[in-house]
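Read from first to last, the chains carry the letters A, B, C, D, E and F; within each, the first residue is number 1.
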Amino acid sequence: MALKPATRDKLQTVSTATITTALFKRGFRNQMIQGALPLRPGKPTMVGEAYTLRYMPAREDRNPISVFQNRAHPQRKAVEECPVGAVFVIDSRKDPRAASAGAILATRLQVRSVAGIVTDGGFRDTAEIAALVMPSYHVRPAAPTNLTCHEAIDINVPIGCGDAPVFPGDVIVGDDDGCVVIPAELADVIADEAADMTLFEAFVTEKVKEGRSILGLYPATDPQSNVDFESWRATRDR
Amino acid sequence: MALKPATRDKLQTVSTATITTALFKRGFRNQMIQGALPLRPGKPTMVGEAYTLRYMPAREDRNPISVFQNRAHPQRKAVEECPVGAVFVIDSRKDPRAASAGAILATRLQVRSVAGIVTDGGFRDTAEIAALVMPSYHVRPAAPTNLTCHEAIDINVPIGCGDAPVFPGDVIVGDDDGCVVIPAELADVIADEAADMTLFEAFVTEKVKEGRSILGLYPATDPQSNVDFESWRATRDR
Amino acid sequence: MALKPATRDKLQTVSTATITTALFKRGFRNQMIQGALPLRPGKPTMVGEAYTLRYMPAREDRNPISVFQNRAHPQRKAVEECPVGAVFVIDSRKDPRAASAGAILATRLQVRSVAGIVTDGGFRDTAEIAALVMPSYHVRPAAPTNLTCHEAIDINVPIGCGDAPVFPGDVIVGDDDGCVVIPAELADVIADEAADMTLFEAFVTEKVKEGRSILGLYPATDPQSNVDFESWRATRDR
Amino acid sequence: MALKPATRDKLQTVSTATITTALFKRGFRNQMIQGALPLRPGKPTMVGEAYTLRYMPAREDRNPISVFQNRAHPQRKAVEECPVGAVFVIDSRKDPRAASAGAILATRLQVRSVAGIVTDGGFRDTAEIAALVMPSYHVRPAAPTNLTCHEAIDINVPIGCGDAPVFPGDVIVGDDDGCVVIPAELADVIADEAADMTLFEAFVTEKVKEGRSILGLYPATDPQSNVDFESWRATRDR
Amino acid sequence: MALKPATRDKLQTVSTATITTALFKRGFRNQMIQGALPLRPGKPTMVGEAYTLRYMPAREDRNPISVFQNRAHPQRKAVEECPVGAVFVIDSRKDPRAASAGAILATRLQVRSVAGIVTDGGFRDTAEIAALVMPSYHVRPAAPTNLTCHEAIDINVPIGCGDAPVFPGDVIVGDDDGCVVIPAELADVIADEAADMTLFEAFVTEKVKEGRSILGLYPATDPQSNVDFESWRATRDR
Amino acid sequence: MALKPATRDKLQTVSTATITTALFKRGFRNQMIQGALPLRPGKPTMVGEAYTLRYMPAREDRNPISVFQNRAHPQRKAVEECPVGAVFVIDSRKDPRAASAGAILATRLQVRSVAGIVTDGGFRDTAEIAALVMPSYHVRPAAPTNLTCHEAIDINVPIGCGDAPVFPGDVIVGDDDGCVVIPAELADVIADEAADMTLFEAFVTEKVKEGRSILGLYPATDPQSNVDFESWRATRDR
């Protein structure tokens, strides 16, 4: 179930806050990747299907520095195979004591037109990764090589990331509040609903800035609020 | 016991660091709201009397999205009733997994001339809240709606916030180091003492920048330090 | 074993990420000071030998505010005795509830040409410390005076800082990823190896930006990669 | 809505595990008091309606030892007013650094025929409290007087305890796995369903001990399992 | 590489403390499953090859109670397929807020002659599981059904458990100190070395009880210590 | 300032709860060693002067297994030099991932008539240590050798243990609630006051068991309570 371009476009205009509310209405309470924040806030909203990497705790004998000489090493292989437009999501078991990845790999992902990179651990070379156009999310900087704590063990399997369930193909949306995981089959409907909510919230924000009370306006329990919204929308669409 | 304008003015010129020291001298060791930091550092110092909101853990059947249609919902009611010049302080039980509030409510508070907003949880829509003139303090961004984890249960009762005791009417002061809680009845005396300390520390900083040792200067155990301070003060006051 | 100027210079051009990898190759997995991050990212790389201060939990009767009137108080003494070019490293037992130090002391350290200051707790007056030229690293702001939680008890003894072992004279290097501790006797060899790695990584980054795959390039298991590197280096050195 | 004797009796025969499953089927995911465990395992199941005490962080000037001379002090008042058969539930903000209560108060509660005592902090005098007939639940022992960290501020208001929502009158059930909170209005239906599930699980356990596979048996997707259960139940009821 | 009966027997006579030391000598620092302790201390030492179950965070729509009606549900399937003599090891992402398993499944494992069960989360029905002959290890009791927080997603893949790497077939040894993971290919050599160390430590303990200093005895740097050990061993073997 | 035999005797009859209250009255809020609990509850109260060992994080090259061949290794030296009747207190930086000590060392301490052993980390060989007559306190079992995480660096210096300040010679008292640190110079007065409080609490407990309300009794604000106490004491002393 590929992410439709129209859905991707819509999701790029809505916030993770609005999406989590739309998910909450459908019974999803646990889709926010907890603790992962943008290395550099203020970049455009990140949208893409999840492509995952699973780390497990590193065992010393299996993880000497020479392991990267193996072209099939899952971390390196994943960086080369992550699809264009996807979000690279790493299960680092919430452990930022060693890096999930560094600037060279992140740069490679950007060159390969990956949409973004997310870990519930930390990145190294954070100054360089932050400076990329591609958005990136982590818990905190982590200079030590991943081999210190992590062994890349699986590519594109279901994982946990920041206590959220992530299945390959789920749609990841990231902004300055962090990243939310939309179950793949709900991406279209959530995008539609979130776009509608976003429009309404733009109206509400405008009215609040003009001095109106939130009571009866947000939500619009006062019938006049809906009338005003419809007329605002009509004006705006013209 | 209302906060006097002169006291508010004085507190706006002193730091939370200085205030905690003045409180420490009187036996208060626990008045700093631990973990809550400014969404955007560098704003003017926040000063205001505490107006509180208490959250408890959310129970699913009591917290559907429709709950906000109730104009008496404590979160919404509190936003409309928080006094001008007060600081809106939220007890989120140090849980930033779901939002304490979002941009629309924060904007409404600013429009209503509230002095600032503080939670020991997290806010959603953080880019917009950070961009407000009104200062805001939290632990980390939290996109999910508060209903996911929190139920607003009490308005303007004594609470804990970041492990500090907060009574309605206590004076909250916030700067880039975070927020301190001054017991209401001590606001005047603490403001006076902190202003004096601030003046002395400005003198010390100037001398340190000129190359003087801190020994005998800070604190001024060397009598010459006091002489110098008095003459510095005299010059400065002219 | 003093830090050689040439070694200091080399270390100023390499990253903590690269250094931790060089240390990892020699069996060191625990030299990163976990959790301490720059108050203001983007400053030049900090390099210097560790000069340490050990805090223990404060006992109320031993730590009234008057204690600083004692010129031999270890915190104040250490600030005056920390050698030029050293890094002042504080063992705050990972407790940022009270300050490890404030702006006046940090300013004095800068005036005394200390290379930087690091704690696994927090600083107060963070806006002023961040504005100094001298780099500074902590966990989070901590306004309350150190006496609230910490008693300075030992100067220049071996300590733990952010779960890393720090011996006086070890070489501390700090950048936006945080601070790494190089055992004193390894500083020269690590500096050499890290400088070589840095050069190679600059080459790799350039190739990755040009679109080359990381497979066979990083590490250079493809013989052509080494040929290319040598020719790139030759060009660059000219 | 008083707890019916028949419901109390049923709940005394079922486990917290079974109750949480019955609650889960109705959409409740957060009713377990996390982290509070029996001081002495193996006592009979505790059942009673919640009577609550809310602590907030202690402020030094409000909490000298003399405060207990006030007969209206909420902690002491609550101990004397907690109804017969109720469970005394304390919101200690998950902080076991100071005691929620000690042996004298626990003994008084037992004498007053209170059903049990629960805190998400810790008790002092744990050897004596454990030796009482009345069951007790906490996180870990905490010798220091509650005044060190806690101020009792409210009696019988809605609270959080171990991240679970607790409303006065909710039914608390405790066994060796800990304590679960049943919303008051669901106590009867949950008791009925849990009793049924308990009977079925007794049957399943017996069959498993006899060597039967859990597949088709638990749950009873194999029709024969239901037949066997009905005949087992018939035999058992005779 | 099957676990040899002789190796199993030897491992049953040595402690996890001794095994971790033997592993430490070979460069393994991270093989202890951190935080998982016996539900009932004092049972015979548990030894068996790891058979693993991997949980990920639960998504509400995928984890209704009806999911167990599927005979292929990984949790249930794993319980029926775990080999005789193996240890069932569960990666619960160190989250004990919901159960990893309960008494019926644990009983089934015992009936199927599984050697033991380990999770870095918690079990429900702990009184019954503790009463089994089969040893069990967890972090703390967790009454809520696993569906609340966990989805069983993979059987017998490499996992992390309590921050230790566990590969299927690794040998798990558990005693009152917890569980250690011996890489499969090292089981024989570690068993031999640990058995030797155990013998020596029995000698040392006897001598210490007789009043001898540990200096020169433990380790046996004093040549006489080795002489004494050899003669003690000779006597003992007779 | 040696611990007087009479003071030691008195302290053996009072609880840590009572002692912390006596300390609280004198302004000490932080003398409880947080998190360290008895390996086996129910042993006689432990009393002795603190003899300390300080651990720092282990550096791999300094901590091979061969390090114990050095008779001057601080851990081994400390075990041989800890005075008769003292309590061996270890600063393990609250890290129980590796052992603070094991059964052989604990046995040696018992043979040497040390009063007890306390760490804010964990012990290995816990079944054997628990079985000793000598009381022992830790956070949780920790099988791996201390060399994995800890390097013993200092003997009998001031340390932190479980967030409490411990100076050599302070008096440590331990019971089932944990361990409290009495500043050396206060041992006599605290012992006297705690003994008095203990007597009064025995009276209160007896009255509470007889059915009396705590109001007016505990504390004895009702004059009759004091009359009753005096007559109870008179009877008891006869």
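We adopt the following convention: a residue touches a chain if its C-beta (ideal position, glycine included) is under 8 Å from a C-beta of that chain, and two chains touch if they have at least 3 such contacts.
Please read all numbers here as calculations on a predicted model, not as lab measurements.
Q: Going by the stated contact rule, which chains contact chain D and chain F alike?
A: Common neighbours, chain D/chain F: E.
Q: Pick from B-D, C-F or D-F: which pair repeats the contacts of D-E, with over half of them the same residue pairs?
A: D-F
Q: Which one of the chains is farthest from chain A, going by Cα centres?
A: F
Q: Cα centroid separation between chain A and chain C, in whole Å?
A: 31
Q: Could you state the distance in Å from the CA-based centre of chain A to that of chain D?
A: 39
Q: Please set out, as single numbers or ranges, the residues of chain E touching at least two other chains.
A: 29
Q: Indicate which of the five shapes (line, ring, star, complete, other) describes how the chains touch one another.
A: Its topology fits none of the listed shapes; call it other.
Q: I'd like to see which chains touch which, written out pair by pair.
A: Every pair of chains in contact is listed here: A-B, A-C, A-E, B-C, B-D, C-F, D-E, D-F, E-F.
Q: Across the complex, what residues on chain C touch chain F?
A: 27-31, 56-62, 93, 95, 151, 153-154, 157-160, 163-165, 183
Q: Which of the residues in chain D come into contact with chain F in the complex?
A: Where chain D meets chain F, its residues are 65, 68-69, 71, 76, 79-80, 97, 99, 102-105, 107-108, 111, 124-127, 140-145, 147-148.
Q: Flag every residue of chain B that touches chain C in the complex, lowest number first.
A: 15-17, 19-21, 24-25, 29, 32, 34-35, 37, 41-42, 175-178, 180, 201, 204-205, 208-209, 211, 213-216, 218-219, 221
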